[in-house]
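A, B, C and D label the chains in the order they appear, each numbered from 1.
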Amino acid sequence: MGEDNTLTDKIMTAAQAVERFIPDGAQIALGGFTVTRNPMAIAREIIRAGRKDLYLVCHSHGQAMDLLIGAGCVSRLEIAYGGTGRFAPTCIRFRQAVQKGTLKIEDYSNYQMSLRFLAGAMGLPFMATKSGLETDLVRKQGFDPAERGQGKVPSKKLAIVENPFNGPGDRVILLPALTPDVALLHAQYVGEDGTVRIKGLGFADLEQARAADRVIVTCEDIVPREFIRLDPDQNSLPPFLVDAVVPLKWGAHPTACHYYYDYDPRHLKLYGDMAPSDDGFREYLEKWVLEPESHEDYLDRIGVKDLLRIKADPVLGYAKGLDRR
Amino acid sequence: MGEDNTLTDKIMTAAQAVERFIPDGAQIALGGFTVTRNPMAIAREIIRAGRKDLYLVCHSHGQAMDLLIGAGCVSRLEIAYGGTGRFAPTCIRFRQAVQKGTLKIEDYSNYQMSLRFLAGAMGLPFMATKSGLETDLVRKQGFDPAERGQGKVPSKKLAIVENPFNGPGDRVILLPALTPDVALLHAQYVGEDGTVRIKGLGFADLEQARAADRVIVTCEDIVPREFIRLDPDQNSLPPFLVDAVVPLKWGAHPTACHYYYDYDPRHLKLYGDMAPSDDGFREYLEKWVLEPESHEDYLDRIGVKDLLRIKADPVLGYAKGLDRR
Amino acid sequence: MSNYTKKEMMALAAGRLVRNGDVLFAGTGLSMLAATVAKRVHAPDATVFFETGGIDPSLEELPLAVADPRVMVGTAMNSGLIEAFSILGHRRLRSIAFLGAAQIDPYGNINSTVLGGYPKPKVRFPGSGGACDAASLAHAVIIFMQHERRRFVEQLDYLTSPGWLQGGDSRQRAGFKRGGPLAVVTNLGIMKFEEETKRMYLAEVYPGVAPEQVAENTGFEVDISRAVVAQDPGEDELYTLREKVDPQRLILG
Amino acid sequence: MSNYTKKEMMALAAGRLVRNGDVLFAGTGLSMLAATVAKRVHAPDATVFFETGGIDPSLEELPLAVADPRVMVGTAMNSGLIEAFSILGHRRLRSIAFLGAAQIDPYGNINSTVLGGYPKPKVRFPGSGGACDAASLAHAVIIFMQHERRRFVEQLDYLTSPGWLQGGDSRQRAGFKRGGPLAVVTNLGIMKFEEETKRMYLAEVYPGVAPEQVAENTGFEVDISRAVVAQDPGEDELYTLREKVDPQRLILG
């Protein structure tokens, strides 16, 4: 069965995927986590396409989020964490945008955001947890009350109720489900049948994809149907939950893609040096996002030497002994 | 790291595992689903040990559940489905016990039970769904109100509340989390480090194990640490969530264990023929549970011919062309 | 005499209701046949999946239960119950669930739990399993029934799985965003539900069955005035069902 | 002059609080060092795991972030956030979380979100990440801080992660079943919390640090009367930390 499920209608370029599935104002869940499997090539395409007013919903995000915010594509953000480890303990353009007040922001914790994605994935209206009771995550609202319930903005940030299964006074936090317009993720493999396989940690990518209306997957390789279906225990998403498949080798660079390449410490450091000043950030955008005529041109600018430096050891899955200082 | 995590303290016999972790009255989550990966060898051991008043919490269960109920080990049951496909569209001793009123029973649906296990696994007090609104699953209670809140019996079967994120009138069902005393599951592999790997469908085994206080894993094979850790994407449970590991080849017989053996149609039919009458069931128990001096003796009674008949094709994972009529 | 059995007709009649691209939630028995034959005959891009978590298996041999190892082979993905029910209820998918039942009422609500009282009944059936979830969450439901008065009843002994509830817009008012039974496929014909009232009526009878036969075997009043005769199974349909789907006649009998 | 740095002392001091068999929730930086060195020196059966889902990695090279590919290698299991936080909060596990913060108050509540107002602050930090969850759900929490008056404050600008709340039994009354900060490990010493009041006091100062130095660098009143001098790092501890855990001195600097 499924012999006729092919990728024909789903394979497209990054530009086509952005054109077709990401309108201005879309609510987007970014896949990956800080320095790994960020959907970087799609993020760069979104910037080139000049998308505005995007509404990002994230747990812990780094490079793709910071680039999109810096480029002015994002007006609203629900988030738990913005940083890329030692390369930027707090994401640079994110930090500035929040401090300038140019970004509408709402803070949650990582578990809270993950539970909200999971609720969306499972078709549940909300999730109940005690994580965060008595904190300012619960007490302080970021979004304007007038915006509540409009578009994808939840009618309440959260609700505190009594647990009906326990005695009075046992309070729990209810967190509204997230159902993003689009989920973006970068995977190692997509089968010819459209099946997705992520190697290494999945983070909350699968919950995000299952919760979303549309799913765009960039991938390192398209692999034969027989390969992807030989051990289906390892697969991550079925074909019918994927709308666009964009084959893009090194598509997560400068973040890592397990078994393919490590994060690129030199490029992340370069970004860290340029991004703090408005001029530096604009120069970065010009050189690494706007000028490259294609993804291959972008990779050419990185250069073979740096690409090989971060190429993964085939057994360990990262670049053994890579200078990361 | 983890070089010192060994199985030494956890490997034991079925008898030791039952003795140590399953007292009378324990709330038990059975792994597997109808005709696959039922923890049969442990179920037979529980019967031999004469355990009473067990409280089973199940989604769709079959052979192990029916045997435990028939042997009089179970006094309370929360369940969505009792059957083994065409071998017993309704589980035989289960049906009789319910009709005689010798079993306290509460009905839920499969998703409801799975969500309750997932809530327990994630440390959440309850789950919210619309599945089941306006049905008798919601309206009719099986347990006596006087027993509510005692031991592991939930204070309420469920609660119907308004969704605080929507307008009034949007009702949802809240389902209380399950946190069983013990989860039993049968896996293909356990690593020398205690890591568990299930091949094929996991059903809700992992949610059940993560929700439980104690976890007993029977397995076909103990495999080297290097093997189980070479591709950890495939693993199912970390060592620290497992309390007892019982190596038992063919431990799920007569239910199937993917890549090892198929279900045993002849034995399931034999059970279907004997179980309906009290005498027949007693005879079955004698011959297949009480008399065998060991698990190997049980397998001897099945006989090599039948064991080979159901041995799995190494590529397909089931017995190709097996006569299942 | 027709050259096919009632079971064959039921599997094919239900299968015809499937559209290409649908996501099919199949149980054991007839529903497995209906989903599989539909995919092989006219809906190649449909996906068959199981509540146990097996998604789009190759089905080279017919599974006898939803946990049969045969639902885990050649799949796009092996997952678990949580993922399967998430797919079933996914708002962007046209998920079609095939269900069976012991009793059905005029609005397509069904009982697969007990006859008599609860919790101590006269007869105990297996219970909801995933049926209540499918009936609550799927895009649409197709129900298989033996057409007998004692099964088509005015009042269920136990409402396991919600259909159109009390008819009209009661399902929507109860809070279900979509779904409801599309058809009831019996050994006599195909029942559908009126647009407004959501009450069951006879839409098609199988060749050789009189509409009155349906009325006689239905325990509540049923409109048989609009019944047309169902199309005979085609050669290709029968060939596929018999030779490809269930060559061992495990379910066809 | 000591033959070790403050960072080394902090990592080792925190590591000493770990018991064999603990399940260690490690973040980036110092917490990664503390968890790893503890496991290698005195708690071989402890398990290091990450909120990203990597459980018990081999850590042959030091990860620089919790999503670093180095947390996915040689693991017992690669999962995701949902599974990791489930483990963190599992009632049967002694989970110890290591956290850092921008501000801390006398009851061990911490701020890693903003200085100034919210949502438009003077300074924005990365945010909770999993810190609020760890502080809410873990068996116990160990906090790393730079000991400065502006960081040890009477009143947080934003309460990201719950400690002992207002002290006494307020944490329990708020609905947390367990947890709370065990210690605050700073560049000057180790702060603990009084049994009854749950207010922070100075438990240990590092060799060469005067207790008064701690009081001067704490922005609220702190009891320094019970302070003892912490044990110098042992040769084996330093060797393991320097040669096995962070030979590239990526975090040790």
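Here is the rule we go by: a residue touches a chain if its C-beta (ideal position, glycine included) is under 8 Å from a C-beta of that chain, and two chains touch if they have at least 3 such contacts.
Only a predicted model underlies this, so the values are computations on that prediction, with no experimental measurement involved.
Chain centres here are Cα averages; for chain A and chain C they lie 39 Å apart.
Look at where the CA atoms of chain C average out and do the same for chain D: the two points lie 56 Å apart. Put simply, the C-alpha centre of chain A and that of chain B have 37 angstrom between them.
Within chain D, residues 72, 78, 82, 85, 89, 137 each touch two or more of the remaining chains.
In chain B, the residues that reach two or more other chains under the touch definition are 115, 122-123, 130, 170, 172, 200, 233. Taken as a contact graph, with one node per protein chain and an edge wherever two chains touch, the assembly fits none of the named shapes, being neither a line, a ring, a star nor a complete graph.
Here, these are the chain pairs in contact: A-B, A-C, A-D, B-C, B-D.
Every residue of chain B that touches chain A in the complex is listed here, in rising order: 115, 122-130, 154-156, 159, 161, 163-166, 170, 172, 174, 176, 199-200, 233-234. Of all residues in chain B, only 1-5, 121-123, 179, 191, 193-195, 210, 213, 228-229, 232-233, 235-241 touch chain D in the complex they form.
Interface residues of chain D facing chain A in the complex, by the touch rule stated above, are 28-29, 51-54, 60-61, 64-73, 78-82, 85, 88-89, 113-114, 118-133, 136-137, 158-162, 165, 174-177, 248, 250-251. For chain B in complex with chain C, the touching residues are 32-36, 59-60, 79-87, 89-91, 94-95, 98-99, 101, 104-112, 114-115, 118, 130-137, 139-140, 142, 169-172, 200-207, 256, 258, 262-263, 312, 316-318, 320-321, 324-325. Residue ranges on chain C touching chain A, taken from their complex, read 23, 36, 39-40, 44-45, 47-49, 55-59, 72, 74-78, 82-83, 85-87, 89-93, 137.
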